[in-house]
Each structure stands twice: as structure tokens, then as C-alpha cells.
Amino acid sequence: MSEFETHIVDVLIIGAGGAGLRAAAEASAMGASTAVVCKSLLGKAHTVMAEGGVAAALGNVWPEDNWKVHFRDTMRGGKMLNNWRMAQLHAQESPDRVLELEQWGALFDRTPDGKILQRDFGGHRYARLAHVGDRTGLELLRTVQHRAVDVGIEVFMECKIVRLLHDATGAVNGAVGIWRETGKFIVFGAKSVVLATGGVGKMYKFTSNSWEGTGDGHALALWAGADLIDMECIQFHPTGMIWPPSARGLLVTEGVRGDGGVLKNIDGERFMFNYISDYFKAETSDTIEEADQWYENKRDFRRPPELLPRDEVARAINSEVKAGRGSPHGGVFLDIASRRSPEDIRRRLPSMYHQFKELADVDITKDAMEIGPTCHYIMGGVRVDADTAAATVSGLFAAGEVAGGMHGANRLGGNSLSDLLVFGRRAGIGAAEYALGKSGEVVIDELQVASVTAHALSFFDNDGSENAYSAHQALQDTMQSLVGIIRTESELVEAKDKLAELSERARVVSVEGHRQFNPGWHLALDLEAMTAVAQCTTLGALERQESRGGHTREDHPLPDNEVFGKVNMATSFVDGQVRLRREPLPEMPTELKELFEEAH
Amino acid sequence: MTVVDPAKPNMSVTAVQIGKVRGGPPLSKVLRRDRWWIQPALIVTGLTLFAIYATWAAFRNGHYYAGSLGRDYLSPFYSPCLAHICSTKGGYSGWGPILGSWWAISPALLILIFPLGFRMTCYYYRKSYYRSFWLSPPACAVPDAGSAKPNGRRKRYTGETRFPLLIQNIHRYFWYAAVAFAGILTWDAIAAFRFGNSIGMGLGTLIFVINAALIWAYTLGCHSCRHLCGGGTNRLSEHASRYWIWKNIASKLNEKHQLFAWLSLVWIAFTDFYIYMLTSGIIHHDPRFF
Amino acid sequence: MSTETATVAGQRTLKMRLWRGDESGGDFATYEIPAQEGEVVLDVVHRIQAEEAPDLAVRWNCKAGKCGSCSAEINGRPALMCMTRMSTLNIDEPITVSPMRGFPIIRDLVTDVSFNYAVARRIPAFQPPKLAEGEVFRMQQVDVDRSQEFRKCIECFLCQNVCHVIRDHEDNKESFAGPRFFARLAELEMHPLDTLDRRRLSSEQFGLGLCNITKCCTEVCPEGIHITDNAIIPLKERVVDARFDPVAWLGRKITGKPDPTPAAVAASFAPETLEQQQAARALGKVGSHPQTSGA
């Protein structure tokens, strides 16, 4: 049996992004001994990539704004597939969470009267996003990082969790991980575990996600017996970089459009006017003249169609490219150069300016950017209780991107950072209360540990020609071409078969070299998580025979509110297989339903 | 169960560990491909040439006032005029003999203490001589001279924490003096418009005006100035005028501090040399514009 | 972009010399790989990893210059691998990529940057003023501008790596926080609402005086933060106010005003020894200074 070190804590948090660190700060403040494990160094989490802002109805720019409007925007953006209670808590609590960040040292941009400045974003009725230039995610992460360090949380960096452990009742009570640096095993005993591992983007070829977005938390929950919901709802951000090839997929913030950037096809046409769906007609400009006046006078004019929710814009771009009106590298143009002064652009979008200048050698104050949809965010995730963030397995909690339900079928920009804060805190409270209320010592089951370590080491013994990098590439190709932005039954069935084959390939991957900082081995371990998650996504996509938000079926182009609008696609692991069942969507109380009737 | 005690305490709570093995080739091997030594070489050359010139000019104790040619041009190395009557009008309308003519050694030796102190403690010059003369470091990612020798004298480095380099912290007092000197040089530039009883302008006048302008640009871009005029406060918004000065003058000039440090240095030497050339007869004529 | 990419295109071969090794030693290994259009150094390293050296250790994350993970020394110059385009390098010669040489090696291109986390833990956190119920912070944009510049820091630690104070003088790691943390201290010191005076401790506990402002930190900063001019020097000037200005000192003596930063407060932020830390851990008080813990 392999040697390992053991750490016993009350609350173990997997992931050190915004949600994980926010949960850690809260759990620790409640008196629970708390440890955070993360795959990278502290402070490198994908949260830093969030640019635009954190949505909170502070009402600093628009006094009319309040949680009800935010709630309504969120639900409508999510195509009503959201867990209403999560959306409600999120809208109610996000202002406090943002103000709390200031107490911890965050420095948001200011209004003239010294309050937090808020900016416009797609799908939000009012300017609502507290921000810092276009690096809000970094600000948020740094703030919670400093907070976590300040309250003295132990952080285990560059450590990958391979499997969760459970006790005799099936409740989660720890985890087995690997130090990336040494390749040695580390075992955590914990009364409760919070998953805050982020997304799954790395199963796609073009993604804004970093290497860490391999669906670890989704897979850990699945293997531990928890439900995932709506894994087919994946957001393709409409504006990712297209060129150069190595930067493909990198995000171009929605802030570009909020600050005046427009989308054009190869003919120079602002094509978004041709793609305003009935759902958003009432609040969207239908002429260029009106749209252009909105930037200066948001009260009297309707929003430009470039600021429709992300799924709408992504589909429109996809259609333009398909119709042969795309840009040379297969995207469309995002133009801010002709609309704002160079100084303005550099001041308001410094990191975008920097990113294009450094990576593509394009000066966005002079030339248009070439952009196209990129896999950005998964709305689906671990099925949780809205108030406590508890998963369907005892002792397990989830917050942030890894949790499902909050965003329904499509997430509004800016709602992710506020999601991290609201549900990160709630998961911290939930997990700490659960842990502190649980009596007795944590007992680690050595047999479980032994089987996990043996499994992890088996990749060194596999003697085959299967290489983790090429298997990963095959997975990405499959998902990109068959389960991408537009889906159809025959392709999904094909994907399902290919994935079955790929999970077999992933199992027999052989790893060269030794255990110390071996990226090939780490990828092999990530790959088993990705294939499991990809299966959930594919099954959900096959079953949901409608188009809704981040799930578009060519063969079922319209939403079906009667059947699919009322169910979540729940996937779980039964007898070593991913199984899918429909679960009814929680019913919204009448007083909240009324909010939708009085609107517009 | 084989439980190993935390062999590697986790990073976020570890104390600093000293003396672990570094990666890559030894630091003494410079991997930079560019000609990183050019900059320190230029600075050594430039500052050495200036030092030689300034020493000569300071000990010259003569040829610093062009009154004999009917021009109120006083070399900046000898201003304010301490031991001579430096005015075509006599008395105190220009610079009077502040000390009196009994003062025998070169007044420049007294005067130059202040600008020299200002520049020696200037943050920009500190950077350049620490790099170029001390080789600490000669360039980025190039090791400090002598740091690789195991028991060498330069193995230890204490920066500006001890005497004498601790004195660098006095920079702001030299800045106060520098403001006074900039005022004096401005007066000299004004005086350079006096052509006997009329107002005129010669090539020398232009040189003096540029000299005063460069000295101000250097002095007001000083890091201490930037701190004193506004940088030291946390709520700039409550001090509108200080904020304006901090933002539009001190910070703007500070960005070009290096440039003005060099321009003003070269120009002040040139100004002195021009007076020397005029008064020693190397050139006979100061062209008059009007 | 056409002029630059032209030199890379046309199936030329790149000669990459990557450092392979660990604590026990190492050397550059040379890899030859065809050039591709529009690549950054990290792309090439990844291709080598995928095709020739699957166990090549390299730390990276966002690949967009936002997380600061892939710091290394490219042709001897500290830089982010993801933000160094191949077209900016002369590919006629072999390109060397070595790990940051200011930190201990883990393996290949990966270094142990724990020094930085140890320092970070000692920096006293933001100390907000007390707010009345329902009151929110009011700060003007001009007052947060300066600190916001430092908050752009992505913690790539290139400045820490290049700073000769610790790069060439290992012993100073005990007493010197490094440019990244001077920027952090400056950020807090300039924060319009922070209530802790950080001047004396910057100098006495974090070694500000060791900096001889030779500006390499600013030169390598991928975020373009003016670390020296906007953080370190202003901080040094503030320290002069608190510690070195003889007139200010005399003034305090005469008027009887208290020292703005009492030495005792500063001393409480002294680095802990490993033994002290272990004792603290045993007591369950991990890593929080008495002054900074608690809400």
C-alpha cells in the first residue's frame, strides 16, 4: 500500500477560486477548522478571468434597481429553468456580499458621489455590475484570498483530489489527493466537504477555461453518488478570440459591447438587428439610431441588440458564419475602434487592449477584433439545496460554477461572481453547521484509500500506446463537433457511442516517467473526470428535446415549456454507469410569479 | 496504516526557507542575449565625463561671469555670486558679493555642494550609479558583482539600511535647496536679458532660459517633490490644488525624470562652458537676437 | 502582424533549449520542433510536452497573462511564457527557457514560490474604519486610483525573482519582502480608509531600506505596474516622514505628538520562525497575527 499523509479537519474545501475561498472564510469564522485544496497555486484560480463585473442590485447608478428586478432578469435570462429559490437568494444577498468585499479591502471603481460604480451588461435591465476596469475577477479573488489568509486558513496548493471518501452510511467524510509536486498521496478526513471546483470547459476544443476546468468537482460528486442537473446547459460566450490559433477561445469581455462595441459581419453590417427574438423585442432597440443613443441616454432608449443575453448573441454569430458572412478566420468582427476614442478604450478596457496587443498584435483602438463563440461556462452542475448548498449526498456541499440550478439554462454576465459570493458563503455556513453538529471522530476507511491510490497508480502500469494528450484531444474533438453550440439527435447519439469508447481509452492511458510533477499523469486523472462529465452533458442534451438557453437543438429549435420547461435533467452514477432521469423543477411561489406578469 | 507526518508543510503556512537549491544554470551565468552592458557603460561614461568637467569648472575660479562683455551672464556653477560683483549695474541689482571679495577659494566649491547633494541622493541617479558603478546589479537578471563569491566582501548586501547610504533619506532637504537654486537660476536667466541699460536677448540668454527651464523640469519631477506636494496624502480628493499639482506637474514630470536628469546635467555644464568660452576669448561674440 | 509572422511561418524549425532537472541538478535539453504561426513560448513548450516530453514539468493556468503562473526566464529575461510571442524572438538561434532562478527548483520549469506566500501571510490586512448601521464606504475615484494600480498585480512573482536583493543574496529572504509586497503595502498605505499606519513596519519588518531602487521589478512587470516610481519610492518617502525626517522628529519632540507608528506595533509583525509557527499551529492558531485576525 502506498504511503500517504493525513490531515483531519472539520470542513474541507476543494477549489480555491472565489466560491471556495469565500466558503473557507465563512466556515472558519464559524469556528470550524477549515482547509482548502487547490490544483494550482493560491490566487491563480479561473475566477481571475472574469472581467466585466459582479452583479448586485445596489442601486448606486439606478435607484430604481432592486432585488426583484435582478431576480426577474436572472430568471428570464435563465429561460425560467433556474431554481427560483437560488435566484431569489442570489438577488437579495449579492449587494451585501459586494459591500462586504469593500470591508476586506476591495477597491471598486467609484461613482462621482463616492459609491461603487455599476456598469451595463447583457440581460440586466439596469447598470448593475460593480467592477474594476475589466479585471473584476482578479479583484474579487485577491480580496477573498487576502481574507482567507488573514483568518488563517490552511491552503494545500497544487494538490489534485482524485476521489471523495465516505463512511458506512454513504456520507462524504474526506478525500484522497495527490501532491502535484511530489506525486505523493494526501488524505483528508473531514466532517463535510465543499466542492468549489469550477467548470468543465476543457472537454471542448475552444474554451475560455484554463487547464483546471476539467469538471473534477462534477465527477467527484457523481462518483460519490450525488445528482448533477442540466449538464446539457453550457454557455458559449459569444465573444472569444479567434486568432491567433494559440489564443483561440480566450475571452473578450462583454464590457466591450457594454461600452459601445458593436458586432459586424464581413459586409460591415450590424447584423444583430436581424436576430432579436420575440422574447426580448420590447426592450431592445430595432434601429441603429435608437441603439446608438442608448449609450448616452439609457433612460429613454432601448438597449442595443449586441447586449442581448449571451446565448442569443452566440447563436446569431454562429448563423452569420454559417451563412458565409464571417470574418477571414471564421468569426465576426467586434468593433470598438470606430466608436470610441483610443484614450477611452485604453482607460475602460485596459486588459483587453493588453490581451490583443500582446497575443494577437492587434491594436483594438485602431482595428476591429475577430471573435467567435467559445465554451465559457456550465450552468448545470451538482444539484444542491438552495439555502444550505447541500448536495444530495450527506456531508457534501457545492458552490460556484460546479453547483447547478442558479442560472437555469443560461447565465447572465456578472451573475457568476455574485453567485460565488452568495453561495460560497452559504456553502461555508452549511458545511460548518453540518460539521460542527456532527459528533464523533472522522474515521478514514483505509480500504477505500488503498483502492483509490491503487487506481491512480495504475496508469503507470498500463502498457499501451494510449497517450493522455491524444485521448484528451479526441474527447475535445468529439464534444466540439458533436455536442457543441448547435446539437442534433443523430450527432448526439454518435457522441454517446464515441464517449463510451473514449472512457475505455481514458482508462488504459499509460503514463511515462515518475510521479514527481508529471503533467501526463495529472492529465490522465483529469481525463477520467472529463469523460464522465461529457457523458452527463451528452445524455442531457439527447433527452432535452427542445432549445433553451445554452442548449440548442437543430431538430427541436423551439422551447417546449409544457414538458421540458418543467423538468431538470438529473444525471447520477448507478452501478458504474451514468443514468439520467427527469426531476420536476421546484415550483415558484405565487408572489414571485407575479413579478413576471407585471413586467413590461 | 502508514501515515507520514506532513513531510512538506503546506505552502501558505510555511516560514521562509533559506538556502534551497535553485534551478537553471548558476546565477553567475548570464543567459541574456542582448547587449545589456551598453546601458551601464554609457552611464559610467556620461557621469565620469561630467565629473571631470565639473571638477575642472569648480576649481577654475574664474571666467564665470561675462560682465566684461557687457552681458549679465553668470555661470550656474558660480551662482549665486559670492565673492565678486556679478552685475553690470554694480551693487545688488544683480548678485552682489554675498561673502565679499576676501573669499579666496573657488566659490563653486561651496555652491556645488547643494546641486551635487541633490543629484547624489536623487532616486534616478541612485538607480543609475548603483547599477553602473556599484554593479548592484549591472542589469536585470545579471548578478551583483561579487555576489557569487562564497565568502566575498560583497556576499552580504545591506542596501540603504545603514550609514552612509542611510543618508539618502535626506533627499527632500536637498530638494528644498534645489528649489532655492532653481529660483536663483531663474533670476540669472532673467538677468541675462539685461543688456546694459536696455533689454535684449543673445544666444547666451537663450542658453540661460533653457537651463532654468530644464532645472525646473528636473526639480519639480523629483520623487520627493511628488510626495511633498500631494503624494503623501491619502485623500487627494480633499485637497483640490495639491491634487492638481501632484497630477499635472509633479507626476507628469516624474515620468520623464530620467530624461530631465540628463538634459539638465548636460545643459548646465554646457551653460558654464559657454560662459568660459566667451570670457576666455575662445569665442569673441555672443550673437544678439534683439 | 504580417511582417512579424512571416519570419515564423514557412515551416522553419525551432530549436528550444528547455531546462530539465531538479534539486539534484540538471541541464538544458534541446528540442527541435517545427514553427507554427502566431505562437507564444508556452504553446511551443506545450507542443514539446505533448509530442516529445510528456513528463516535462511546467506550471501554467490561464494562458492569457491574467493569472501569472507561467513565469520563467526566456533567453535569460524574466517573462511570462504565455505573453512572449515567438515572433518577438530571434529563432535563428536556439531559444533558452529556464525556470525562475531566484527561487528553489521543484522540477524542470517549475519553482517553489512559497517564499512569496510566507511573506504575504505577514502583511497586515486592510483595517477598515467602523461604519454605522446602514452606512457604506465613500471613496472618490481619484483616491482609489493609486491603490488600484497595484491591485492589477497578478502575482507572477517575476519582480520577486528578478530583484537582486534576494536573487543574489539569499540571506535577505529573511528580512526583505520584495517588490510585490511593497506594492501591497503601498496599496494599503495609500488606501483612503485604511486605519493602520504601515510606514514603520514597511521599513523595519519588511526591509524597504534594502531596496536600492534599481527598477528591475518595474522592467519585468507584465502588467506594467510602476512598482518603483509609484509604490516603492512613495513608500520610502512616507517612511522618511515617519522615521528619518529630522525636522518632523524634532517637531514631534517639541509638541509632544506621539510617534505615528510606534516601534512596538511594527515589531509585532516580525517574521515568525518555523518553530514559532509550528507552536502556533499546535495551538490551532494558524497564521494570523493578533492585530489582524477576526472581523
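Letters are used for the chains, namely A, B and C, taken in the order the chains are written, and counting of residues starts over at 1 for each.
One rule holds for everything that comes next: contacts are C-beta pairs under 8 Å (C-beta built on N, C-alpha and C of every residue); 3 or more make two chains touch, one makes a residue touch a chain.
Since the model is a prediction, treat every value here as computed from it, not as a measurement.
Student: Using C-alpha centres only, name the chain that sits farthest from subunit B.
Tutor: With centres defined by C-alpha atoms, farthest from subunit B sits A.
Student: Kindly work out which chain lies most centrally, taking the average of its C-alpha atoms as its position.
Tutor: C
Student: Between subunit B and subunit C, tell me the centre distance in angstrom, where each centre is the average of that chain's C-alpha atoms.
Tutor: Distance between chain centres: 30 Å.
Student: Mind checking the centre-to-centre distance between subunit A and subunit B? Centres are C-alpha means, answer in whole Å.
Tutor: Their C-alpha centroids are separated by 54 Å.
Student: Which residues of subunit A are in contact with two or more other chains?
Tutor: Answer for subunit A, listing residues that touch two or more other chains: 41-42, 149, 153-154, 157, 181.
Student: Touching two or more other chains, which residues of subunit B qualify?
Tutor: Residues 11-13 of subunit B touch two or more partner chains.
Student: Which residues of subunit C are in contact with two or more other chains?
Tutor: 22, 106, 108, 112-113, 117, 121, 140, 191, 286-287
Student: Using the touch rule from the top, collect the residues of subunit C that touch subunit B in their complex.
Tutor: 19, 21-23, 26, 28, 73, 75-78, 90, 93, 96, 98-106, 108-109, 111-115, 117-119, 121, 140, 142-143, 162, 164-165, 167-174, 189-192, 194, 207, 209-216, 219-220, 228-229, 233-234, 236-241, 243-245, 271-274, 277, 281, 286-287
Student: Can you check the complex and tell me which residues of subunit C touch subunit A?
Tutor: Against subunit A, the touching part of subunit C is residues 1, 4, 22, 36-40, 43, 49-50, 54-69, 83, 85, 87, 106-108, 110, 112-113, 117, 120-121, 125-126, 128, 136-141, 144, 147-148, 151-155, 188, 191, 224, 284-288, 292-295.
Student: Which subunit B residues qualify as touching subunit C in the complex?
Tutor: 11-25, 27, 30-34, 123, 126-127, 130-131, 136-137, 140-141, 143-144, 147-148, 155-161, 165-166, 169-172, 223-224, 226-228, 231-232, 234-237, 243, 254-255
Student: Mind pulling up the subunit A residues that touch subunit C in the complex?
Tutor: Residues 29, 33, 40-46, 48-49, 99, 102-105, 107, 109-110, 113-117, 132-133, 135, 138-139, 142, 146-147, 149-154, 157, 181, 210-212, 243-247, 250-251, 351, 354-355, 358-362, 467-469, 511-514, 516-520.
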